[in-house]
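Okay, so chain A shows up in both of these, paired with chain B first and chain C after.
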Partner chain A sequence: MAIAKEESGIGANHALLELRDLSVDFETEQGTARVVDRLSYRIDRDETVGIVGESGCGKSVTARAVMGLVESPGRIASGQILYRHGDEVIDIAKLDPKGRQIRELRGNAISMIFQEPMTSLNPVFSIGDQIAEAILLHQSITRRDAAEKAVEMLDAVGIPLPRERARDFPHHLSGGMRQRAMIAMAMSCNPSLLIADEPTTALDVTIQAQVLDLMNKLRAEFQAAIMFITHDLGVIATMADQIRVMYLGRVVESGPVSTVFRQPLHPYTQGMMQSIPSLRGARKRRLQSIAGNVPSPLEVGPGCGFASRCPHVMDVCRKAKPALVSEGGVQSVACFQHHTHTEEASHAG
Partner chain B sequence: MQAEEVLLDVADLRKLFPIRKGLLQRVVAEVKAVDGIDLRIHTGETLGLVGESGCGKTTTGRTILRLLTPTEGKVTLRLPSEDGTTAAHEIDLAQAGPRELKTLRQKMQIIFQDPYSSLDPRMTVSQIVGEPLKVQGIAHGQERADRVADLLQSVGLEPTSMTRYPHEFSGGQRQRIGIARALALNPKLIVADEPVSALDVSVQAQVLNLLQDLQARLGLTYLFISHDMAVIRHICDRVAVMYLGKIVELAETDELFGNPRHPYTEALMSAVPVADPGHVSRRILLEGDVPSPVSPPSGCHFHPRCRFATDICKSEVPTLRTLNGNHAVRCHHAEKLTLQGVESE
Partner chain C sequence: MLRMIIYRLLLIIPVGLVLVSFLFALFHLIPGDPAQLMAGDNAPEELVQAIRQAYGFDQPVHIQYWNYLIRVLQGDLGVSTYSREPVIDVVWPRVINTAQLAGLAMLFAIVISLILGCISAMFWNHPVDKSVTVFSLVGICTPVFVSGLIAIYFFSVYLGWLPIGGKATWKHYILPVVTLGAYQAAMFTRMVRSCMVDALGRDFIVTARAKGVAERLVVFKHALRNALLPIITLFGLGLGHTLGGSVVTETIFNWPGLGRLMVDSILTRDLPVTQGAIQIFAAIFIAVNLIVDVLYAWVDPRIRYD
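Let's look at the complex of A and B:
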């Protein structure tokens, strides 16, 4: 356990979470795979930060690290996860994953909703019991009050007849209702940070619209910061204030959603935005696709991870990793087309 | 594109799944997965089938291919004669026997959603892609190997991948293997069942482009099944929207998206999150979930979630009517409603 003193970054009074040079390794038979690679970013209070990237980019592993849920064969190799809890700043990376302190934070100050609600709810307990248990774990109230609070939460997430539904088991509910129940559980202890890992990916589009609408209402009501992980740029545009585009364990571009969508700077962000068919654009045109496939984290060389697929690749891209550098204020990009800062130089400085 | 030549004619197709219970396995209810579908697919076109989970789109695709036996209905495959002089050969797939089905399967193939479970992990790529040729007894030995190499090349894979196993490939590459297998017998019709849903966006674009290229090159006809409105709009010439086992709207793509006539289509389109933060959402939120196809609502199946529902919607099942031109809709009030479509850029 380590309590850092007030510092810059997390020291700013609206900062809530700051990742500093976070690396997560997974031991595999073929060697060590660095799945999250010296990742640094900050989430402020009341802010929704969209983390976007394709499978294997490390977005979910980052979320699990923040929850203190990285399990073997994975481990946090280096870096800090600074979380401001009241007046103190806690480095989650240094906490014992089974210890008292992380268990106090987890599900209480920081809670999480997952992609597949069926596998994250316990099939043998009723919805109401599961929510009440989460409340009892973190608050000193009676079982009866906790049960009452669970019904209130089900009501708050728009589940009709909450008192009856509280007695239902997960399999009684539809996918959308289950995700609402998950959200009710996550919000029941009034978290200051909600991590939503692809919360609507398994849902139908009309149900997704309902759940996104609900999350927008709740974030205003509960004033929680949200780390919203998704591969869907449409969902990011609807939900997030800030965007962090991840590729091979690193942030390649970040900034306010409006700025990044208007003018994406990184070739990967550009490629991703051009590759999605739109509801309004020209039909039947050839989609701009990104050539090749995401390389395995085991194959990453000394250069930029995107170099093997990049249409603008230069010699330098294969030799050094570009640092994430601010371009004109709010937007940052890790690409040698825009600057010459290598990661090593920025670390030395 | 020969737009008017009908390749496949589906008439009143039904597929019921019985629900059995108890010791005697008595049928206690039926799931009407496909509940009276009429469709015509023209040679060379891409017909989209869109809807939410459980609407019966996959069952429709599989019943058309006779991977499932239809409970009722007629599926006519019209094969033009080779030299074009004699009349087209018509076969009712729903009635075809096993021997006839085997030859027919050369004409129609399927691409599955999940490129992980649809390839046998113990077979090499050349065995997987060559299997249809083997089953149909079309090519042997070196001839088969050459054909497999050609097929792999046409889907953008190296012929050297022939000796490798599926687990050595990424999702997008596996989907290419699945496409090569579907193409092996030179089919006329390909049912593509959510072919890009399991893929990452950048890879999804590659596969969509490939499907379009292959269609142009080989004159393929696609029945393209997807839940993704944007993908459907991108690739399809005409689109059928399904809800609880029935087609509720069918029109040419631009017409359907620009001028939807069914409230469900409108809601489905408005629910898609737009990748533009400046976009002012005029989202129509539907209440509740899709009802169970075991006991669908009376009258119009959509009425409990419809903001325009009136008494007639609760009591009378609407028919699929043709409005102007080729725009068909299953709604009592279609003429009177003003619905919002998608403005094209």
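Let's look at the complex of A and C:
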């Protein structure tokens, strides 16, 4: 049995998932790459947390880690993934990734939708069968009832003629419809946490808006918390309550979406905000871009990961990593411009 | 699905027509006078003439072709010039024997390759995978006439466990079936492994795992069903190879099958039997292809004609 202890973060009644100093390493021929670096954050019940960051910042790997689906050559190096399941708290990081316990959580308490609806469904099974499979795995009902439930789920995600579509195969459906079917599959067992890994990135803009609307509707209906992973700040604005900005496997800024959007504190967040085109405001303003590229996780030095691209870089930034420290209550930032706490100091204390 | 099967059945007509016509042309292009061959080298001219008339060799080619087509359609394969029995009576028992040999060898190859291929893919790049790879490469590189002779020497001559050849008891089946099957198993294992590695790397495998599907079912339901598409084609082609390979295996193990009959009939210049054997081989090929196509459509919903 996994640990079941009551502590501050996850101990709070409304807390659902808490990552504590989670690190994920990938073994490569050039050495060990730390893709997720001592990551800590919490997701509460019914809350939508947007995880933003560019490709390779570790946001998808974090999601896979929560599902217990980190694949070789990756592995969870240290840390805890505490998940509140009923009355007990389970450390997912300690579960056998192929064991029964994690499988009982997957698709049931925690489910996931993916970026590529075109390839995420199995081409040789009908849509209805694939949804019913998830239901049969976690609920003790008959095949017939599961098939009926699958049709209901297709109806709930707004697929017209759900009974006919359930008999269809993935290749009969468009990308948007397939993503709806994926959502139906993910929601079929009433999960308390839905992980959405860039669910709209592969869809065109109108379909994207429809899928986001649907997710907002279902969130209220099913009362699930959502971990919404994206690199699109616009999507975060319409979906999320909380935002976590990730850079090189760490959270550099976090807080409520409205606060962070109004007043971004970290130079990386500021840079991202300035790169969004605006319909209003000065037309002639050139869009800003963030100079340089994300360094490889293999080349991370002792200092702040953003130091090489930061316009406000100071000497201290190259020597120590800043800790994520609360600034004025709800918002936290990991930047020496705002405080002098280093990672090491905060860990020692 | 039904429409697709009917369509495929209709396609047999042109394929069969081309095949039969080709065979007819081939046997008319072979140098030598068939009537002279039948009668023997020292036969009197009257006898040769009589045979020519009896078999219709004196008719113009297009008439012969038409008569031949009619006879084939009626299932009349002619009479053996060697044993004077109807070809069908000579060929049919041999067809059964070869079907037993090839069928058992294929079954052996399919079962072994599916097991080894899936294990290999599950343990990708692990020593288990590498030893399977070595086994299958050795299998592919060893022709049947080498492995067959080694097996005969070891199991029949040295150990004395199994009979050298012939077809009497179940013990006679073991060596030819395993020898013929092992080569196919080695080929199939490589293909099953690579198809499974490919299938296990697809996005929908992650979806299945994220649903909570047990690893065993992820491999044998979600991945295998997808990997089967190219594998079934290979199995179909493999049956062709097995039938072809049975000519060598039957000769080595003195197996009274169609392959050996064909070799014997060529040696005795028994053209009607050769022709009949080829037609039966071809019919089996066409039937297997049809079955493969239907299976293919059954496994992959994307290619059903609906």
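The rule we apply is simple: the second predicted complex is superposed on the first by the 343 of 349 C-alpha atoms of A that agree within 3 Å, B and C clash if a C-alpha of one lies under 4 Å from a C-alpha of the other, contacts with A are read in each partner's own complex, and residues count from 1 in each chain.
What we mean here is this: contacts are C-beta pairs under 8 Å (C-beta built on N, C-alpha and C of every residue); 3 or more make two chains touch, one makes a residue touch a chain.
If you're wondering where the values come from, they're calculated on a predicted model, not measured in any experiment.
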Clash or fit (per the criteria above) of chain B with chain C on chain A: fit
Partner chain(s) touched by A:258 [first = chain B, second = chain C, both, neither]: first
Touching partner for A:31 - first (chain B), second (chain C), both, neither: neither
Chain B versus chain C as contact partner of A:237, first or second or both or neither: first
Touching partner for A:67 - first (chain B), second (chain C), both, neither: second
Which of chain B and chain C A:311 touches, first, second, both or neither: neither
Lowest inter-chain C-alpha distance for chain C and chain B in the superposed arrangement, angstrom: 11
Chain A - residues contacting chain B, complex: 54-55, 174, 176-177, 204-210, 212-213, 231-238, 257-258, 261-262, 271-273, 275-284, 286-291, 293-294
Residue numbers on chain A that touch chain C, as the complex places them: 67, 69, 98, 103-108, 111-112, 114, 116, 119-126, 133-134, 137-138, 169, 171, 182, 185
Touching residues (chain side chain B, partner chain A) in the complex: 52-53, 170-173, 200-206, 208-209, 212, 227-231, 233-235, 253-254, 257, 267-279, 281, 283, 285-286, 289-290, 342-345
Chain A contact footprint on chain C (complex, rising order): 202-204, 206-215, 222, 225-226, 299-302
